[in-house]
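For clarity, chains are labelled A, B, C and D in written order, and residue numbers in each chain start from 1.
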Amino acid sequence: MPGLEDLYREIVLDHYRSPRNRGELPVPPSHRAEGFNPLCGDEIVVYVQVDGDTITDVKIGGQGCSISQSSASMMSAAIKGKTIHEARALTRAFKSMMSIHETALEGDDPEMAAANLAVKLGDLEALRGVARVPVRIKCATLSWNTLAQGLDEAEAEA
Amino acid sequence: MTLDVSAIKKDFPLLERDFNGKPLVYLDSAATSQKPRAVIDAMSDYYENYNANTHRGVFGIAEQATNAMEGAREKVRSFINAPSINEIIFTRNATESINLVAHSWGRANLRAGDVVVLTELEHHSNIVPWQQIREERGIELRYIPVTDSGHLDLDDLAATVDGAKLVSISAMSNVLGTVTPVRHIADIAHAAGALVCVDACQFVPHLPCDVIALGADFVAFSAHKMCGPTGVGVLWGHEALLDAMPAFLGGGGMIRDVTLQGFKPAELPWKFEAGTPAIAEIIGLGAAVDYLSAIGMPAVRQHEVELAAYTLRTLKGRFGDGIKIYGPSEASERGAVFSFGFGDLHPHDISQVLDEHGVCVRAGHHCAKPLMRKLGIGATARASLYLYNDESDVDALADALAAAADFFGL
Amino acid sequence: MTLDVSAIKKDFPLLERDFNGKPLVYLDSAATSQKPRAVIDAMSDYYENYNANTHRGVFGIAEQATNAMEGAREKVRSFINAPSINEIIFTRNATESINLVAHSWGRANLRAGDVVVLTELEHHSNIVPWQQIREERGIELRYIPVTDSGHLDLDDLAATVDGAKLVSISAMSNVLGTVTPVRHIADIAHAAGALVCVDACQFVPHLPCDVIALGADFVAFSAHKMCGPTGVGVLWGHEALLDAMPAFLGGGGMIRDVTLQGFKPAELPWKFEAGTPAIAEIIGLGAAVDYLSAIGMPAVRQHEVELAAYTLRTLKGRFGDGIKIYGPSEASERGAVFSFGFGDLHPHDISQVLDEHGVCVRAGHHCAKPLMRKLGIGATARASLYLYNDESDVDALADALAAAADFFGL
Amino acid sequence: MPGLEDLYREIVLDHYRSPRNRGELPVPPSHRAEGFNPLCGDEIVVYVQVDGDTITDVKIGGQGCSISQSSASMMSAAIKGKTIHEARALTRAFKSMMSIHETALEGDDPEMAAANLAVKLGDLEALRGVARVPVRIKCATLSWNTLAQGLDEAEAEA
């Protein structure tokens, strides 16, 4: 099953089976955001703790498919200890990887696209196979959109 | 098997098509059915040979189009044994049919405090319209509960329908497959003075339907789940009820007269058919009814009961407690639609792996979130079968599930 | 002629068909247009190769169906130059589109005494929905008058729209052919604080349409009059307006969440698309847009102006005062739709005789009874032309009219 | 044009060009009924004067196509001086000629059909060609349906 192996890379299944940073954080001082995929009922809760500019802790709650769960798990590992600015750049880069077709279609600013590609996605590259399955893109980006809400809130309060 | 499924499969172009070297195993008929060539051709024939707007044209092809459309109305009438063609209203889909009842009958008849009874297993299309009327009018909604075995819990039925104006229920659940006791509920509802609206979206395609024997006052269904095209649905209602209801959408075709001061609605069924109808689709629905009638709905039902029994046996036999199948365990009490959980795999992942094996099942809440919450789950995978499925399709499903178990290391 | 009509005719199966030894002279495109093979084939292709319900399926053909449907949405967006695909709502027909505005926006925004402005030349579909809201809410309707030459009388426009909440007007009359000055009216309406809804049912098929340049807030049209299938229409509206409007029909597909207690609507455009969409028809509309775009709407318009001029010249030349053609006498101010009176013959009789000559025209009030009353007539015969008609069709009409004059001894 | 000549027989055109019994009657003593064809806007007004059982006078107003006008004219000539019972029998016979297909389809009572056929239609036979053009049937039957209303009213008052 080559198609499946491209979608469910070993590292994706690993994050699904052993999700990193599962749990909750006290609110406040942390911020809590909820994401929801109405098409399949997946729910993600993201807790972010921000000190100054830095994301000092992240926890993930909720439930969903392997793609949404492993994407959330990888995200939590990738942003912990990063600045808000870095986390946002990573979000953009990840979402541009997911929407590679749409980006091309809508003729996004090419400089911006190049800047996004310069960000190192690391393990998250393993989710690239999702981009070929449009209905699953929402699964992969759910945690990232939820994170964005959490960061907005954190910045609004800062 | 009651039906000659290998012959039937040949009637459906998509099932004859080659997908990576083999035919598709299509198990998503509860979402939409495949279409026989006769239905596709009936619509192309209209477009290629007598495409014209109906009712107002004197010229030849306009008359032919009108006759074909009204002929389809008569076919639908006869298919559900309705007393009169005036009672067959063409809508876009079952959802619009139910909305028509809610907006027209509902707005004319429901006041603050009035009670409408639904069930916990309804599709969103038979919940949201009533919640909209609740927001607007302050009516009360009551829900008949679902038992652990996937049946309606009718113990308190008399109390639940007491004082109700309307009971609106699904005749077959699109999630659990449960065939509900509509007639029994209707009798009790009528005794309490309530009308009965039936969401027959999963019923009309799969079981012989007699709206009078069913005890219904309104019946809603969609063409696209019964071998017909997208874009057309049906509302049936007793003529006297429909006659007394105010018009719903306003516009061309539904009027008797219009002045700057006001309008008079046309007679049934046109009163409820505003604007140019879905002419080609109505003709296509007529062809679908012909197709199903030629095979015979009792035979379709018997086939599906046999297939349901085979499916239950096969999946339980191969996966034991590894699979959880929701809904009635007796094939005779259900349709051939199976929502299931498989190990701890998420339905999306199941459906994805099955797709790679050429097996189409649906994953999600199936537009029945209240039922999902009641079952304590977010989503299920769902395999739903129809007259063109046979044991080989069930075997393919089981094989693909075994491969998924392998892949995810269950 | 701007267009190569003999090549275009070949794209339309019905126009290639043999009717008693010759092709049909189809002059009823204002009622419904003929369909090119590409449109018919796009729908058969869906049914035969990737028929599946959209949006909720993970498997291959469901994804393909979703992409085709959403691809059609993008085609329509670009065809009318709408800012966002979220603003393209698929309905059953233009009638439902206007009803959506009346029922959702209207109910949320109109109170007793509020003013909605229409014109005397509207189709019933842009009158009756507002009369329904008037009955329910006690709003006031004002009508912009029509002049003897078939134009809108705009002398008192500022006073008429003063204090209005909405102005809802046809961009082209289906009876008179008048192309109305929508932008001019919209500017004055906006200055008075009113929104502008445009019935573009006869406009989008025939003229280049840019909803922003038009100055519209809502635009409604039907696929079946623009080479597309029956069963699908479009409502465009500014995103902020649509966003603020309450849901209309309730059911599957239009929700974000449903509990027994209530529902949250989905985002645009799905909020307004309850139930299974007209998937095949939407895909067919996409193919129609491709077909028209390839020919080019400016070329279509130029062709129709030339054809209108030829028609006016020919009919006047041959029948003089024996024919009365309603609407503007300048081809550039109108579409190629001609309502006419012929001697003292009743329109039904004209249409009947023309049919015997293989010429299809419509007879009746064309769903514009208030306009008929204003013109002081009960009915007209109407010949309406499109991109596949040419001078030979006009000549055939004139010949058939001459034969009718003969037959009835005029 | 053989098709047209079948529809527009000479006698039909004659009644169209020179309609019989055009006009009005004073109400009361006569009865006035209005018929309306919403599809094409045709309107018929029928005045009937009834003495005892007999239709002593009929007048026709309104406007419409050749078929509706000539049908009304022929009807007025046919029922004048007849009893209400005879006029009703003629109405049934005429409508059964018009709906020959529908009657066959809906499996009407055959005895009834036979009885209707026994009624002499006379000139009205000339309208038989209309039955092959379903959209025009409403034109031909408009005056007859309107007459029925008028007779109902007359009988109700008697």
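Just so we're on the same page, contacts are C-beta pairs under 8 Å (C-beta built on N, C-alpha and C of every residue); 3 or more make two chains touch, one makes a residue touch a chain.
The UniProt protein names, listed by chain, are A, D = Unannotated protein; B, C = cysteine desulfurase.
Note that the structure is a prediction, hence the values are computed from the model and not measured.
Trainee: Can you tell me which chain lies farthest from subunit A (Unannotated protein), using the average of the Cα atoms as each chain's centre?
Mentor: If we average the C-alpha coordinates per chain, D ends up farthest from subunit A (Unannotated protein).
Trainee: So the centre of each chain is just the mean of its C-alpha atoms; given that, what is the distance between subunit B (cysteine desulfurase) and subunit C (cysteine desulfurase) in Å?
Mentor: 31
Trainee: Report the inter-chain centroid distance for subunit C (cysteine desulfurase) and subunit D (Unannotated protein) in whole angstrom, where each centroid is the mean of the CA atoms.
Mentor: Measuring from centre to centre gives 38 Å for this pair.
Trainee: Let me have the rounded angstrom distance from the C-alpha centre of subunit A (Unannotated protein) over to the C-alpha centre of subunit C (cysteine desulfurase), please.
Mentor: 45
Trainee: At least two other chains touched by the same residue of subunit A (Unannotated protein): list those residues.
Mentor: Within subunit A (Unannotated protein), the residues that touch at least two other chains are 39-40, 133, 136.
Trainee: Could you list which residues of subunit B (cysteine desulfurase) touch at least two other chains?
Mentor: 56-58, 62, 255, 257, 348, 352, 363-364, 369 - these are the residues of subunit B (cysteine desulfurase) that touch more than one other chain.
Trainee: Are the chains arranged, by touching, as a line, ring, star, complete graph, or other?
Mentor: other
Trainee: State which pairs of chains touch, listing all of them.
Mentor: A-B, A-C, B-C, B-D, C-D
Trainee: For a test of understanding, state which residues of subunit B (cysteine desulfurase) touch subunit C (cysteine desulfurase) in their complex under the given definition.
Mentor: For this pair, the touching residues of subunit B (cysteine desulfurase) are 13-14, 17, 19, 24, 28, 31-32, 34-35, 39-40, 43-44, 47-53, 56-62, 92-96, 98-99, 102, 120, 123-129, 131-132, 135, 141, 143, 222, 224, 229-233, 247, 249-255, 257-260, 262-263, 274-281, 348, 351-352, 354-355, 359-364, 366-367, 369-370, 373.
Trainee: Show which residues of subunit B (cysteine desulfurase) lie in contact with subunit A (Unannotated protein) when the two form their complex.
Mentor: 346-349, 352-353, 356, 363-365, 369, 372, 378-379, 403, 407-408
Trainee: Considering the complex alone, what residue numbers of subunit A (Unannotated protein) touch subunit B (cysteine desulfurase)?
Mentor: It comes out as residues 1, 3-4, 7-8, 13, 39-43, 63-67, 69, 133, 136, 139.
Trainee: Can you list the subunit B (cysteine desulfurase) residues touching subunit D (Unannotated protein) in their complex?
Mentor: 55-58, 62-63, 66-67, 255-257, 266
Trainee: What part of subunit D (Unannotated protein) is in contact with subunit B (cysteine desulfurase) in the complex they form?
Mentor: Touching subunit B (cysteine desulfurase): residues 36, 38-40, 133-136 of subunit D (Unannotated protein).
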